[in-house]
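Below is one structure, written out as structure tokens; the observations come after it.
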């Protein structure tokens, strides 16, 4: 089942689980997939920035993607295929699609500057992976330092029929969602799924601006699922109440570099993955940081029992 | 009264108030000073990044600083003097000190890369402004793209006796505070005031890590004052409760580009400044964004009545 | 006499002369102006990147520009007014034009990325300085890290009738000159003077591609004048012969950071300026570097006697 | 035969030859190896920035390296293994060494800033590839935007005994060579081969400052070989005479983006490679650019007959 512009809900960005010695932990991949399914995620995204993708060899990347896809058993898996060159991108994209991926995700390389460089890059990327492969456009200026205006995004989407989704994580980005939805209202942009990232930090208002859901790696995807649902049901206060209870922890997780360590720590604590190890070079948490996260969890748990971890 | 390494509490980063036509609004400067005093701020910082400093001429910068200083009537005012060159930096620094400033604040220019370039820059800056001028070192990698390790900060502080304070806004930065306080424990770093920025987004834990207070522009400095006080009194839960109530709004304010518009909007709504206008080129808020902030204010007001604005 | 799109020939980028103690050397300004006139320059550009402009206070900038303009006695002087903000830019631009400048020159600030950010910036700059002030657009990606495509330059020129010249120093940039001249042939771009920078390193071919002349700071502007003339006269081999004789020295001068030291050293050696001092923080030459430049001069002198310096 | 700190002479940076349809042209690899041998190169470097390395899959990279190594039949081949992550770097490094490479070359990833980040990175890289693999440190700030001071280079070399060579292409960089050689004189740095890049643009003086030779991709490696030899023989004027004759073309080749197209064009014209095609996305030359290079070749040929190409 290939991804379409109708996609919505919460796509969890999955970490890649490792053992302490750096080997891939395939059993934890299965556990992650099962967990995401149980909490109501609509799909999974693997090998994103969070997924330590650059630390894998080409073969390992394909192995990881395949393991996620098999276990997902039909639920959509999006595979990050960003690479320094198109040959590696094509190899992984074709391999992942052959293994049953729903789509691939492509971020622009950090050296792109002008509008033309950006649109040319994505046209060439599509030529490389093949026009039959549905793909997600990742817009993440804070980390990638590539700035795409709403008009440039529209050009990319219009030029490339196989682009089915925007992973939106511009910051600030609320007006960008409104602008893109405005383009659709005035007929200048075709249907496009918009899922939002940024660690979920603005999900409350992103939904109100017209996002179709979340695509991020916060360690409580169950909360993201609920906020997306409540927001769609028009239960504004309830959505914000739940969101606000988690915000102190989400903010803590959103710290660059530290974030992945916190996420793996919490997912390990929730019993999902066997180890919170990262492959080298990885970040780690001091005892003080762990205690801070434990304290935050205890505070979240006052409102959301799922955060009550031993 | 010159600033010393004992400085602590909350230093409000003041916006520069303008009329809609771009002229300086001096009456609102006075109102800001009075407001900061009433809510318990220990000091004021002017002409920071938030203060639209680059939009002022050299003479206007000195006029603005002088107006703040006079009205503050003895309470410490820190004046941002970052400039592309040392001649302009010196002129403003000497002028501000002559007018009664407590200290100046210096950020590194964005092109600095190596440890040596950074330490050399600050040595030259001190030579330019004079060794008798106390100054605040601004560490703000996210915006300035200059990365100073704890060891480099120690070198700068050690090399330059007139450096009395660190405006800390590395992100993530909690471990950096711990590292610097560790240096002081092991005797390798002399006393140094550490006030934290980043829009206050991590103030709760920054205080616990050893910060002396806050130096940021959040539109509720009264809350910052309270959190700093509660934290020093050891009332951890109470500090977090108040902090968490404001976090959704603080997060909204922290969006780059949009943030200043939100702050001026809220300060105007609180009756402090006469207009929320920015001098060109400025950011602005859409009606939707204003409604979002109003909604956030109403939610904060459930816990903190000071946010109950008409 | 204001600058027009007909401007051509060689505009020397003038260094700002200082004494060893950092004071401005006004007599050397006069000597520079006289020298540039004697060797056939069509105009002078002051307070460019080469001119140590950021090291001057606002008042000093205006004083330097005024001194150059008065001595030039009618020959066109272009004044660099790039500044972090529009208030300072306006003050210097209006002051310089009142003092008799022919035009001002504006470079984009390094943080601009998208096509829209760039075109918006220049529209706002023109609004700030006034539409009556002719100006030169500086396109220097290597140093400024702002990339303007030919199409974006055309938009800027079309949007702003007061833009009369492009200081072209993209690298590589030959195709850009051809593209802009192509726009003029197909009627989509109005007349525009194009003078080229990049230390003169590609002047030979830039002239053949359609440049109107040179605007750079090479210490032998007399050679630039000759190459521009020979090229216009169609004496291709002669132009290249002279150019090639200087290229080893030009290449040496083009080293970032070191370049200004070399230029001041040679101009001092030619008897034009009284000292090769830079205001702090400045670069300097080691004895080995000075000997290398002396050796290069002796080699140039085999073809061009003007390089025969004691 | 593994590379040692005694390495010297000219190491040609080899392009990767492709057919017009993007397939690897293995016969041209053999021809390149033979050509480099005939003109007196001491070694070959493959899969560098010039070698379009990011456009190859992992398997292709190893295939290309292996083909070069086999044909070189004992002459040293250095294999670029820079990669976004250590797993891919290790795979290629071990594979290349198993195939008989003399060493690998590692450039720092562009996001490194502080001295500690840089030294930590290379320590981790050595851990990844194994301490038994000799490697070349690439210092190329202009393209990589990572700045390593002489002191940092000394730290890297001292920390990692397997580092045997510096590929020096800082710009300006003459004083850096002098500084490193100075460290060796004062005993604070162990023996280290220094070969210089930058398209050869400063080779004349780099040799005089103490470089051991050249490592760059200029399309006349025969000239590099001669200049290195003449310089070592103390024939200063002769070295500069030959160098200067080529400088106009070298300068043309050094244009970023265009450079590779020019090099492949000239190597094709010299009869070495079968096609000047680049794999997508590639740069190309306009007819005007080709005519300019032809003209430059004809001018070089007045001094150096090897440039006389039909």
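A few notes on this one:
All chains are identified by letter, namely A, B, C and D, in their written order; residue positions are counted from 1 within each chain.
Heads up, the rule we're going with is that a residue touches a chain if its C-beta (ideal position, glycine included) is under 8 Å from a C-beta of that chain, and two chains touch if they have at least 3 such contacts.
Fair warning: this is a prediction, and the values are worked out from it, not measured in the lab.
In terms of the distance between Cα centroids, chain D is separated most widely from B. Two chain pairs are in question, A-C and A-D; the one with more C-beta pairs in contact is A-D.
Chain C has its Cα centroid 48 Å from the Cα centroid of chain A. Between chain A and chain D the centroid-to-centroid distance comes to 39 Å (mean Cα coordinates, whole Å).
Residues of chain D in contact with two or more other chains: none.
In terms of which chains touch, the assembly is arranged so that all chains touch all other chains.
Looking at the complex, you find that chain B touches chain C at residues 53-60, 83-88, 91, 110, 120-121, 124, 127-128, 279-281.
Of all residues in chain C, only 113-117, 146-149, 151-152 touch chain A in the complex they form.
Here chain D touches chain C in the complex through residues 171-172, 174-175, 178, 201-202, 204-205, 208-209, 240, 243-244, 247-248, 251-252, 255-258, 286, 288-289, 292, 299, going by the rule given at the top.
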